[in-house]
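What follows is chain A paired twice: with chain B in the first complex and chain C in the second.
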Partner chain A sequence: MIAMKEFLGTLRTRREIGVLGAFVVLCMFFSFATNTFFTVPNMLNILRQVSITGLIVMFMTMIIISTDIDLSVGSTFAAVGMIVAILFQNGMSIWLASLVGLFAGAFLGLVNGVVTVKGMLPPFIVTLGTQMIYRSLALVISGGSPASVRLPDSFYNVTGARTFLNLPVPALWFVATTIVAGFILHKTSYGFKVYATGGNEEASRLSGISTDRIRITNFVLIGVATALASIIQMAYLRGVTPTAGQGMELTVIASTVIGGTSMFGGVGTIAGAFIGTLFMGVVRNGLVLMGTSAYLIELIIGIVLISAVWFSTLSSREKR
Partner chain B sequence: MINAFDPNVKITVTHTGPSLFNVAEQVNIMENVIQSGVHGIISTLPDPTAFDDPVQHALNSGIPVIATNADAGPDNPRLAYVGQSDYDAGRVLAQTLVDAIGSSGKVAIGVEDLGHTSLAQRLRGVTDVLDATDIDYTVLQTTPDLTQGAAIFETYLIANPDAKAIISVDANTQSHGVVIRNLGLKDQVISGGWDLVPTTIQNIQDGYTKFVIDQQPYVQGFYPVLALYLYHEYGIAPANMDSGAGVVGPHNVEEVVSLAEQGYR
Partner chain C sequence: MANNTLIQYESVSKRFGGVQALDQVSFPVARGDIHGLIGENGAGKSTLIKITGGIYRKDSGQVIWEGSPLDVNSPVEAEKRGISIVHQEIPLCNNLTVAQNVFLGRLITKPLGQPDWNAMEEQTVDLFQQIGQTINPRARVGALSVALKQLTSIVHALNTTSKLIIMDEPTSALTPSEVETLFEVLRKLKSEGTTIMIVSHILSELMQITDRVTILRNGRHVETLDTQDTNIDSIVHMMVGDVPLPTPKEDVVARDETVLRVRDLGNRRLRLKDINFDLHKQEILGLAGIQGAGRTELATTLFGVHQPDSGTIEMEGKELKCRNPRQAIQHGIGYLTEDRRNLGVFWDMSVWQNAGAAIIDRLTARGGVLDRRRINEMANRSITDLQIKTSGISQTIRYLSGGNQQKVLLARWLNVEPKVLILDEPTRGVDVGAKAEIRRVIQQLVTEGISVIVISSDLEELLALSDRILVMANGSIKGEFLAREATFDKIMALAVQK
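Right after this comes the complex of A and B.
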């Protein structure tokens, strides 16, 4: 009983609890408003739909905790997809092409990190610039045309397919990545340093933490996660367009912030990021199930976004 | 008798989709729509492969799917396609252009979304014809934003004062009028492109735009609904329909103006 009280006590002090409450309310609303929302196929649908952005949200959370931001993820997403698709079309094995894609993602992230940190430039500006540069890269290597890929089953089955119990494989990747990211952020000294960098970079540096290395590594990690997301999406859609991922950074950042990560750094959790990701997916899914007009959906999502963050900061303010 | 205008026919059409061109988001929405248990789906399929699985999923769930306006091609399992043959329409536009300016000179071709299947096919139709002439063309990415489109065409015309024409393979044709007017190039630079929207009709009437390919969007909306009704009510299989590549210009614009204002053309 005491343990239970302690557990509830910890929950109340956690920032993501506010958004979890909002999330539950939202799910209950859609469950009553439609008879299709609260069904197993729809839950799996939502999980599949959020899995692509979700992979990136986990590492955007780390980036934002350490007071950086990455606006180039949508363009990295397109560039990596194009690189992998074109290598594959030119005869390279899809496994090798994907490995090259992951390295390309790491490299693009490294560029973001090094230019931001070593150049002492605002990450907002650097990644705004690379957003354009990487988009152009995707357009140049594709010649502006979408690429279709007919992938071997052996690859499709572990990336884009549905598996036992009709579980979508992209969702399994998402859940696995969430666990890995949670481990990195909450159970390793690296994760501690990420919080320290965001909490007070100067103090962290003085206490011997190489904040530069932490920040650059964060950018590399999000580059790899974005590349993985791109490869999985390419497998699921059996193709990639050079315009893929446009506006993706905003969905990713919105999910991160809904999940309780503070834009001022130092605060945020992977559990919150997971809920934030599901939150965005549930809103979009539920509104379509309700037959909401396309012209109203963005308006409603905008209101929900602001409300969710307000709700979550309110609950964390109360605890003080 | 079949009468789709019968007041007893109750069809609810809900319009949904991503706010910007986004294939992945459109696939998500289609999956959600299938889940919501609609009786039919009418959708653009602007990617050659991405919609294969969702369309098959819809058909397996007993939901007929008709492609409209943009098609993924015959490999996609959709029951029918209603719309323009984009490649052929591109050729029609380019031939009309060659008839107007001759077989040499500089031309800019604007494209809103690089990577959109239909626009890519129109562009290929245009360039296949132009490649057989001495016309020197430049492809410009205008984005769907008209202000940006106008700025890009304006820059092109300033850089190429000897250009003979600007064309667009999409509704950014609307931006041509303001560019030609601002630069005082009326009757020197020809404008042509797609979609009979009010601004473009005005541009034709004012003498800025010389020809527009009409894809008859009313047909692309109306016929799939009718086809789904017939499918459900009488088991009649939906059939493909080519919504044409008619050329509208100063010679016939007045005929279509009032119909366009009512939303039929």
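Right after this comes the complex of A and C.
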């Protein structure tokens, strides 16, 4: 138990405590400012709202820790959704179609990873390019029109529905994914190598770590997570549009960095990513409940993003 | 003497923390001379240059420049007084043209302030002609050879109408014919009255080009004398001083079992050629040489970072072809880097993470899950064996002293349980206590059956540790000594060959 505590201690950064503090203050503020914020239905609502991006945030955190970035998640999201929906409309079992969708997500991620790593290109540029390519893919296979799906209950119940205690199933997927991602990043040698690659890629290579393999795997993992998010969203909305997920990468990256992950790599945690995800969701939800003008919400979120990151890097800045 | 002296150093001293880099250094440099500055690594040459060029401030003493005290606080001020430095790593903008680089920071402008490229390009051609060279002023600097880059850097210096040009290791990256061209340029500059100070490890070249030489040792001035009145042997002796011979190592068991056999190894890009040697079981083999001799390049080639273009490496009789460090580690080779700061330490990670980085896959239970028990065992053993001072295995390595950081990195390689361990400058930048500790560990290792290659610029250390010493210069092995037969003078004489 002591070892466990010590272990968590090494991985937990001070940034994260700052974010947690800010998050608590924020929640208290909205609780006093509105009488609908701090209610069970609204809490569950927030959890459901953030769960789709949250699934992706966990693996974006790993990507950014190893000093990469993935801007193509929104387009992967749409492309996978369209693939699954069209396969289903053409008579394939939704279970099989979803499996194909997960593999498609893995493949799109693999392309990002291999082109970036083996081509020695900046991931920002590669995934900016594939963002456009994958979006086109979604538009081409759908012919530009949305697809609606009438899913069997057996599938809807494990993806889009609400379950006992009125818990939204997407939120359960989000929590489960967080736990899995936390396990991978903090408890396995793979996670260690992600930190090592981001902390000092050259030193990692000299220590016999295949940094190329780690980085490519990260891209595959985020592809799978994005595909899962897309399938769950499709089930919840009972349909998918080829323009789904536009701008999603920005929310995902914002949640990641609010959670204390450093854009310079090597630093970040899944616990932080979880708080960062909730943080983004709470700000949006709280502002809406307060009746803030829709025109102003993005402005305020922008300010919150910059201040949160500024605040959370204060402690590490003093040290250097 | 006074009006013939351009610059006179008077009791110049400089301290960095606990190290006295310069201690009461005094000597003159005559106007119009080519003056060589000689000393081992750490003798104080760079510090002296940097004080002259306004990069460092001296603690005490005076630099008299043309008869009055020189107090410059920045390279720009130094340039205004007529002092230019051509650094070893040439700071040129590779994306700009030759003319743009030559006039960087002092563009010639037309009346409305727009740069007058035609005028600058013409002047660039003129300046190159002054040193007897032709150049295309519109060529991009990035596409030039090292030699031409260096000339561009020199012309940049000329352009500021310098009276003194200081060159730091100008020939280290040049081919013999390029060196000849450079020397012609220097002689041309000298004939026009420019004074040149040149720092170099390659004594044969200094003998050829300089009028006078100054020898520094451990921050102190040893001698300034006319080049024609001395020779390489006596300079080498002045560089290393009268060092007491280290107690010769007794010959331990006959080490005839060969672990590593290297034959005709070469790599053109790394300038390694015709490397032949054997490493015996339980042997400590020292690699001596000056900076740029190719020792680190040889070590990293053995470790799979680079692939040789010719020759073979055999390990216990089997040919070894490592495409990356991972394969080298799997075959039982470890390599402690000389560049702890950039290539060794994971700064934001803990002591155990740094110590276990090369064996992380062995610290797992099933399915790649980290095994706390094995981690604790590994980390605590490392801390005890190497006497690492840390508050615990989870302490962030950033907060350890340099010596303890180095011990953690050494632990990383001991944990690999290698057959061959290559240690590149294992005691550089660590305090005396850690130094002794690290040496003790190295000697301990061979008794456990490991064979060690030590690279060190500290000759005394090399003589004390090694069974056998190879001397490298210019990418090849120039000689071999049994440690008990080697002396500083013998080693340095081979190391300073071109």
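Note that in this section the second predicted complex is superposed on the first by the 301 of 320 C-alpha atoms of A that agree within 3 Å, B and C clash if a C-alpha of one lies under 4 Å from a C-alpha of the other, contacts with A are read in each partner's own complex, and residues count from 1 in each chain.
In this text, a residue touches a chain if its C-beta (ideal position, glycine included) is under 8 Å from a C-beta of that chain, and two chains touch if they have at least 3 such contacts.
It should be emphasised that the depicted structure is a prediction, and the values quoted were computed from it without experimental measurement.
Set against each other, chain B and chain C differ in how many residues of chain A they touch, and the higher count belongs to B. Of the two partner chains placed around the shared chain by superposition, chain B is the only one that A:V288 touches, whereas chain C remains out of contact.
In the overlay built on the shared chain, the residue A:G91 is in contact with neither chain B nor chain C.
By the document's definition of touching, of the two partners only chain C reaches A:S204; chain B does not. In the superposition on chain A, contact of A:G144 is made with chain B only, not with chain C. By the touch criterion defined above, A:Q233 lies against chain B but remains apart from chain C after alignment on the C-alpha atoms of chain A. Chain A has no residue lying at the interface with chain B in one structure and with chain C in the other.
The touching residues of chain A, counted against chain B in their complex, run 34, 36, 39, 41-42, 45, 48-49, 52, 139, 142, 144-146, 148-149, 233, 237-239, 241-244, 246-247, 284-285, 288-289, 291-295, 297-298.
Listed in rising order, the residues of chain B touching chain A in the complex are 14-17, 19-24, 27-29, 31-33, 35-37, 47-50, 52-53, 111, 113-117, 120, 139, 141. Within the complex formed with chain C, the chain A residues making contact are 3-4, 6-7, 9-10, 187-190, 192-193, 195-196, 199-200, 202-210, 266-267. Against chain A, in their complex, chain C makes its touches with residues 303, 305, 324-326, 328-330, 335, 337, 342-350, 353, 357-358, 360-361, 363-364, 367-370, 372, 376, 392-394, 396, 412.
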